[in-house]
Amino acid sequence: MKNYPLLNRIRESRLFLPLGALAVILIFDAIYAPGFFNIAIQGDHLYGNLIDVVNNGAPLMLVAIGMTLVIATGGVDLSVGAVIAISAAMGAVLINPALGNQLITNEILTRDATNTPLPIIILADLAAGTLCGLWNGFLVSRARIQPMVATLILMVAGRGIAQLITNGQIMTIYYTPYFWFGNGYIFGLPVSVYIVAIVFILAWILVRKTSIGLFIESVGINSKSSYYSGIDEKNVKLLAYAFCGFCAAIAGLILSSYVHSADGNNNGLNYELDAILAVVMGGTLMTGGRFSLFASVIGAVVIWTFTLTVYTLGVPANALLAAKAVLVMVVILLYSDYFRRFLNRFSEHKGPEHGRAN
Amino acid sequence: MAERTKFFLLRYGPLLTTMTVFVLAYLAGGWLYPAMKNPQVFFNLFINGGYLLLVSIGMTFVILTGGIDLSVGGVIALTTAASAALLKAGVSPFVVMPLMVILGIVFGLTQGCIVHFLKVQPFIATLMGLYFARGMAYIISLESVTIKDSFYKSLALTPIPIPFLDAYVYIPTLVGPIMLIVAIYLTYFTRFGRTIYAIGNNEQSALLMGLPVARTKILVYSFSGLCSALAGIVFSISLLAGYGQFATGTELDAIASVVMGGTSLAGGVGTVIGTLFGVLINQTIVSILQFNGTLSSWWTRIGVGILTLIFIGIQSLFYIRRKHS
Amino acid sequence: MAENRNILSMTGITKTFPGVLALDDVDFSLRKGEVHGLMGENGAGKSTLIKVLTGVEQPDAGIIELDGRSVHVRSPQHSQELGISTVYQEVNLCTNISVAENIVLGHEPHRFGVLAWKKMNALASQALKRLEIDIDVAQPLGNYSLAIQQMVAIARSLEFTSAKILILDEPTSSLDVNETNLLFDVVRKLKSEGLGIIFITHFLDQIYRIADRITVLRNGKLVDTYDTASLPRVELIAKMLGRSMTDLDAVSKSKVEHEQKASGECLLEAKGLGLKGSLEPVELALRVNEVLGLAGLLGSGRTELAGLLFGVDTPDSGSLTLSGKTIQRFSPLESLKNGIALCPEDRKAEGIVGELTIRENIILALQARYGWFKFLSAEKQNEIAQKYIQLLGIVTPSSEQLAKNLSGGNQQKLILARWLATNPQVLILDEPTRGIDVGAKAEIQKLVLDLAAQGKSCVFISSELEEVLRISHRIVVMRDHKKAAEYSGDVNDQTIMQTMAGNL
């Protein structure tokens, strides 16, 4: 009863592409940059490229989880990068010991102290991100603005808001407990890995242990049928965008903690592209419908393995952009109707009787 | 007669709103900062906003068909970086400029084909275009390259006095207004232009009317590519440099200007004249912030974001009214 | 000879879509200077036939001859070049540009590389004058009524092609009486100019006013072509609806058994329920154990009524009470909670969620009622799915198949299963048997009767009168967005058809 060949094929194909891509990159590394696999123990934790992949890739994995839900409803969230910046700015400002203090001296600024207790900082970050997500969700589900346009507005204004929060400066953070999120280790593994695991499990429970996942897929496939079936499609969309904002906020926390600073212009730059790439690579169609959180996370891992591999080969970071853009196009085309039709035609040539039977 | 007035208002309402907002914004600026009353400040809007006007014109065409072009900023950066590198290598500016124009057209053409034939959503296709163009710019040079070519320098530094006024502009400043005239000609007086409106209203209908939908859509993206390349040339002349990080966020400013100019993001409604005023509003906000000095530049982004939202709201209001009438 | 010359003849046209035989060996011919009505209910194949003729679809088999020469219509553009002009129900013009542009664009006059607006406007005015219409052509098309837009569409289709054939696809569905008269004047004028006109409508009186001959299609098959004068109205309806008595007798019997059980208790009552522009106020009472048939032609307001009862649209007049309680909020979710269910007319767009599995489709509405956090366990889902797959006899290898892979009849059963799983009191079925085979039809009809016997109430909407008569305890006939009559007990199909047809 559990072995339906068709379903298995779909399941396989959703993970097939990201895992296949990962394998190709790793084989490439094994041949041309064997040092990529070195893992050493440094002090109390593991150290090496593979650890960096999961540590550096953690924010993207988080954003990809949120983006998966939004894309599955048939929308898109272009504001994730800006939300990351807002979250990072919130964190930095609340820590800033000079908050409201007129006599700012270098000594005060660089003190390893915080103005606000850490739990409140985290809560404020998450609240800010969720609020941004709710705003997007409101524009899409209630004001009926196309998702691309609605989230574009926050994409413009969001970085402005982030700079407004930090008063236009790049704020360096000196409060060491804050660094733990992006640089700490538990049992030898980066803290960020555990955060991703927690959010992933949370998201998985949210979509697979409640009916929300089913509703998201249903709305993404056929919004009208879903409405006729009594599904509250507006709130389903609202939830997806809010959750995406929430994920981006955690990503902002980790990112700012990792680089010890908040920069409204550069935190989370190009994350919208990477997240879309990760989700599409994970087999979720841009038109919405079926999704797999795990495949999206693997998609994010692929992107960072690719990125770090390219770094190890000595290619500059910025040039990577062009390569990624081409990669997204190829992946989108692989999943497009056009390509499918091509494949179908191909398979029809092979077995015309089978085609007739349907 | 009242009926006619109503139709007139419904038809030109968004445009009139934009013009009023611009005039009010400028007057408010002049009242707050008397220095803004200097005519030169007005012409500075064109000098500083020249490249934005160019990309916004191209963007207007694309948005009128119901699409979007997020790649404009990337194409500007790529054009500046490529021009700077070529000029540094000793290529004549008279070769570089046409080459850049061709580059822009080919870039847009490719995007148009991807959108039309492969049915990729415009924002995805052009977002990829944006990153691809920026990436290519970085591949050309990781650092800002200064332009030392004498022809570029003379273009950048020769002021053209405005008759009867104590003001001046530069030669590259004129490219935007010239393209505006070309764009007005194209939208009002050619089949190409009218087809753009038809497609934006209803692509299926346009197809059934026997209009060349495929060709027009692809041409529109090519035109936007051309405008971006011209903007890139203007940009490289005014800064005398080329760099992959130039013109970040231009796509958003351009979209905001187009929307503020009364063009509907759903397509089919809008004018290039409106876009001119959208750009002027954008630049006025920037000027006011500059004159203020204490308000920082990020307020531009927030302001533009809020204005965009307001104008989207106004448009949907007009749209509803028009539907009911 | 000249008078009876066929300018168009289509023979043996066959067209299949995945799972549907849309046209089955259909013949059609059109003479010079005639208005030829094409009649049939939804899914009869009218629009497919037109699409084949205009090159939108390619036929699987069959020959199209124009003026005696065999042609292969490649595309809509090609059909225009061949002299076939089409005006659709939805005006396929652009409302944002001027009337003149809508008429002239594609053939616009130029002067020195500049669009000659004045000449363009003059050309357009002239084209409209041919149809005896005088309006300001410089205004955007959207400023004018749908009737004028329709005329503009005709003007465009005639102006720059040497049109020999004009297809009018439901041109009057959004026009009022005067506008329709205006259109008919134009049609008569064009007819006298020697055009062959194919006229598609679901308004019977209009067909009788304008058409010389009528071709009736049903279920993708040609019924026949008749001279209008020799075909009484009631007969036409009978031809359109079909009256096959084949293997449905069993259903009739079961109805008789249940007949007595229909109690007098009123379950759902609509008082003056209406929505401007969609349905005029309607009185309706639905009793427990009852199957209420809703008869009426396409566009009579039957689907709109179903939509209001289910809360898809919010009515602007009247009230709806369920077991004595007035319903305040109208939405599918509210109806679901109140125990009202609707199997919508458009199965693909409003019914199934194609990329979900059969199991997920079945539990969808039930889960929507349970909300986000009371998630049915996998076992429970399987149990429900299996139960209804067996109960309704959905033919599928497993409940994990995608819904889109099911045949039409099984998809219909699937939607029925989705609603039965929520255990509704009131079940509204809009065309549940359209496009499915006879066996499945009988099963669904039987099921509806069984449900009524079990204490539920059903509203049964169908274009097939036979079916409505067979299983309904009472029949409400809709016409022109109004309730035309209500019949209970024994009523024959003649009476109902006459009511559907209106005043004779």
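What to note about this one:
We call the chains A, B and C, going by the order they appear; numbering starts again at 1 in every chain.
By definition in this document, a contact is a pair of C-beta atoms (placed from the backbone, for glycine too) under 8 Å apart; a residue touches a chain by one contact, two chains touch by 3 or more.
Treat the numbers as computed from the prediction; the structure is a model and nothing was measured.
Ranking all chains by how far their C-alpha centres lie from the centre of subunit A, first place goes to C.
Here the largest set of C-beta contact pairs joins the chains A-B.
Separating the centre of subunit B from that of subunit C, both taken as means of CA atoms, is a distance of 46 Å. Centres computed as Cα averages put subunit A at a distance of 45 Å from subunit C.
Work out the mean CA point of subunit A and of subunit B, and you get 31 Å between them. Residues 76, 78, 145-146, 148-149, 152-164, 167-168, 264, 270, 272-273, 276, 286, 316, 318-326, 328-329, 332-333, 336-338 of subunit A touch subunit B in their complex. Of all residues in subunit C, those touching subunit B in their complex are 76-77, 80, 88, 92-97, 101-102, 105-106, 108, 113-115, 139-140, 142-143, 156. Residues 68, 114, 118-121, 123-125, 127-136, 138-139, 142, 244, 249, 252, 255-256, 265-266, 296-302, 304-306, 308-309, 312 of subunit B are the ones that touch subunit A when the two sit in their complex.
On subunit C, the positions that touch subunit A within their shared complex are 18, 312, 332-333, 335-337, 342, 344, 349-357, 360, 364-365, 367-376, 398, 400-402, 405, 418.
Within the complex, the subunit A residues that touch subunit C are 1, 4, 6-7, 209-212, 214-215, 217-218, 221-222, 224-232, 289-290, 358.
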